[in-house]
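Consider the two complexes below, in which chain A is the common component and chain B and chain C are the respective partners.
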Partner chain A sequence: MMGGARAILRKDLLIELRTKESVPAMVLFSVTVYVLFHFGLDRDSLDGELASGVLWVTLLLAAVIGVSRLFAAEREQGGIDGLLLAPVDRTSLFVAKAAALFLFLTAVELVAVPAFAVLLLGPGLGGALPELLVILALANLGVAAVGALVAALAAETRARELIVPLLLLPLLVPLLIACAQATEPLMRQDAGPEELGRWLGLLSLYDVVFVLLSVAVFDFLLED
Partner chain B sequence: MYSKGLVPLAAAAVVTITTALALVFFYAPNDADQGFVQKIFYIHVPMAIVALCGFVAGGVFAIRHLRSGDRSWDMRSYVAIHLSIILGLAVLITGAIWAKASWGHWWLWDEPVLVSFLVVFLLYCVYYPLRFSIEDPDRQARYSSVFAITAGAFVPLNFIAVRLAEKYTHPRVLSQTGGSMPGEMRLTFLVALLGVALLFVTLWKLELTAKHASMQLKRLRNRARVAA
Partner chain C sequence: MVEAAIELDNLQRRYGERVALAGVSVRVEEGQTLAVLGGNGAGKTTLLRVLAGLLRPHGGTVRVLGAELPAERWRLPAQVGYVGHEPLLYRELSGRENLRYHARLHGVGDARVEEMLGGVGMAGRADDPVRELSKGLIQRLAAARAVLHDPALLLLDEPRANLDPAAAELLEPLIGRGSGRTRVLVSHDVEGALAEADLSIGLKGGRTAAVGRELYR
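After this line comes the complex of A and B, so read on.
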């Protein structure tokens, strides 16, 4: 199973490296949204709740772009038939797509989070970096699982571009709650983790539920 | 096939809802704090409970569909979710009216049950564009079932998350009065809950019967056209 997943993941990463489609677009989108928030809120620097809210809403909106492009190569070039004909089970396809999305999100955050710190964040991020990395990793896992499922659900519909954001964003509300609440104390002037365990617990619960659920139902998508 | 027992069920729903309304207006006492307005509770909360149960039932039917491959389970799931969305809209409207009357605002973000319900409602609204943008009937049924299962699992998770995000604990009427509801209120509430549940099942069966009949009609018409 893992061999098939690795091959599909390698193919997706290779396509992304050659075409440079999703990740640069997501980064560009994130920075644009920071600019929008700067003017929309009319604030030069943010801290606390506002900072973590702006960061997470931006990252999740950028994730929408990645999710809606996740099956783009398969769809536009007809590669989906090849994938479905190959003797690879759907679970490895799910694992590969979720892993690709996880890596894309990580790559985006490598640029978008420092950009946020430079452009909008008032207090420095230095002291709270380990906690933030844990939150980002758990969040990426959740978004990757839900995102791969939503991308597969929307792949066969006519109104694909419409379905992905409408379906993905409500599903991400619990994740946004956990991430924004966990990050908020880290971005205050008197930084320090606070009730971090509770939110990491919620985030882990979300990840476990959606990873298991996606693996369970993915077999029924992209059949025939 | 689906119409079995529909008439007695409909009659039971009518009798129970009439009884519930009579109890609400003539039997249950006025709430000490909120007065007459609190009586919207007897329609708002049962509708919310029945709608959530309908969403979960839609997920359970969807599991049976994916297990058996029998598309009639998908139809059951679709009708359950469809009716729950309609009830959900009524829940949001009655909730807003209640909030306006007792707290002075149409919408309160610190009422976790209502906020969770809004998120769930927004998610389930996507069921329609998803379902009806897939043409192949088998694929439509399968994808709708996957959605129904995912969303069904999302419902409890979302309630936990929104409840945890609650900073200011608002007086929650359901749990407050649920624990120490006077006997008259509790009886009225239970009768109203039963009434709404019976109404839901009646409408569900009715809609399934209608869908089944129209599908049969279409099949017969096709056969007639082929014969002619």
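After this line comes the complex of A and C, so read on.
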């Protein structure tokens, strides 16, 4: 199984490196939104729940771009037929697409999170960075699982630009709540992490549920 | 009785309300070439896609290489090579990268990729991105992709489109009669297709029709 997944993932990364269609657009979108918040809120710095909300809503909206483009090469160049004509199970395809999205999101956050800290964050991340990295990793895993599922659902529909956000964003609401709640104490001026374990537990549960659900459902997608 | 490579009995397929195939029946023995002829929109490509397992039949019986479709579709990919309207190659990747990608999906080694690149006369252009290749060179790569895993059945939709005579001759051992594979050949070159076929069917409006000028009226 993993041979097929590795081949698909390698192909997706190679195409992204050459076309630069997804990650740069997601980065540009995130940084632009942070600039807009910087001027729109007319505040030099944010902290607490407002900072956490701005960070996560922006990252999840940027993820919509990546999810919309996840099957673009297959859709535009007949690659879905190529995959269906190869002895590769759908779980390999799911693993490859989710891994590609996970890596795209990580690459985006390498730029977007520092940009957010510079443009908007009051207290600075400082000692909270390890906790934030754990939250980001768990969030990326959840978005990657749900995103790969939604991207496959929308891959061969005509109104996919509408379907992706309409399906993806409601499914990401529990993840957004957990991420924002887990991050909020890290961005307060006065307090350290509170109840972090509870929200990380919720995030982990979300990841497990959606990875299992996606694997179970993926077999029935991309069928005629 | 020896099992046929392809056995269709009253195959039906619709797109919504529109009937694309209405009761197609044919039997193709192992190693034979079936020519499928007909005008535009007659159902030829739909027939090939059903045989490849890319489309579900909506009625009748479809048995390909011993696999009953759609229930046993999973048995087909390792045994079927498909050359369709789309080359199924990624434009940003080179010919070699595309073939290596398909080789890994099929569990085939890189040595076979080099053999195929040589076989279709693409060794010198193998590292050029597909988007920079002419339609003829892309068609050669598509043929190489289709036979990379040495399939028993070839489904060919206008496989010589865009090929010059020398290239068509070069591909003969891979996708032509000389390949020794069972083949289903869709072509608008009626005389050429009939010359290399063991049997033929005509399609008109999704129904089997006699091969002749009437097919194209």
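Following the convention adopted for this analysis, the second predicted complex is superposed on the first by the 222 of 224 C-alpha atoms of A that agree within 3 Å, B and C clash if a C-alpha of one lies under 4 Å from a C-alpha of the other, contacts with A are read in each partner's own complex, and residues count from 1 in each chain.
As a working rule, a contact is a pair of C-beta atoms (placed from the backbone, for glycine too) under 8 Å apart; a residue touches a chain by one contact, two chains touch by 3 or more.
The shown structure was predicted, so the numbers you read here are calculated from the model rather than taken from an experiment.
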First (chain B), second (chain C), both or neither touched by A:118: neither
Which superposed partner A:110 touches (first chain B, second chain C, both, neither): neither
Partner chain(s) touched by A:173 [first = chain B, second = chain C, both, neither]: first
Chain B versus chain C as contact partner of A:78, first or second or both or neither: second
Which of chain B and chain C A:36 touches, first, second, both or neither: neither
Which superposed partner A:209 touches (first chain B, second chain C, both, neither): first
Touched partner set for A:129, first chain B, second chain C, both or neither: neither
Contact residues common to both interfaces of chain A (with chain B and with chain C): 223-224
Of chain A, residues touching chain C in the complex: 3-4, 6-8, 10-11, 14-15, 18-19, 73, 77-79, 81-88, 223-224
Chain B residues within the chain A interface of the complex: 66, 119-120, 122-123, 125-126, 129-130, 133-135, 138-139, 142-143, 145-147, 149-150, 153-154, 157-158, 160-162, 164-165
Partner chain A, residues of chain C touching it in the complex: 52-56, 74, 77-78, 80, 82, 84, 86-93, 97, 101-102, 104-107, 129
Chain A to chain B touching residues, read off their complex: 149, 153-154, 156-159, 162-163, 166-167, 170-171, 173-174, 177-178, 181, 198-199, 202, 205-206, 209, 213, 217, 220-221, 223-224
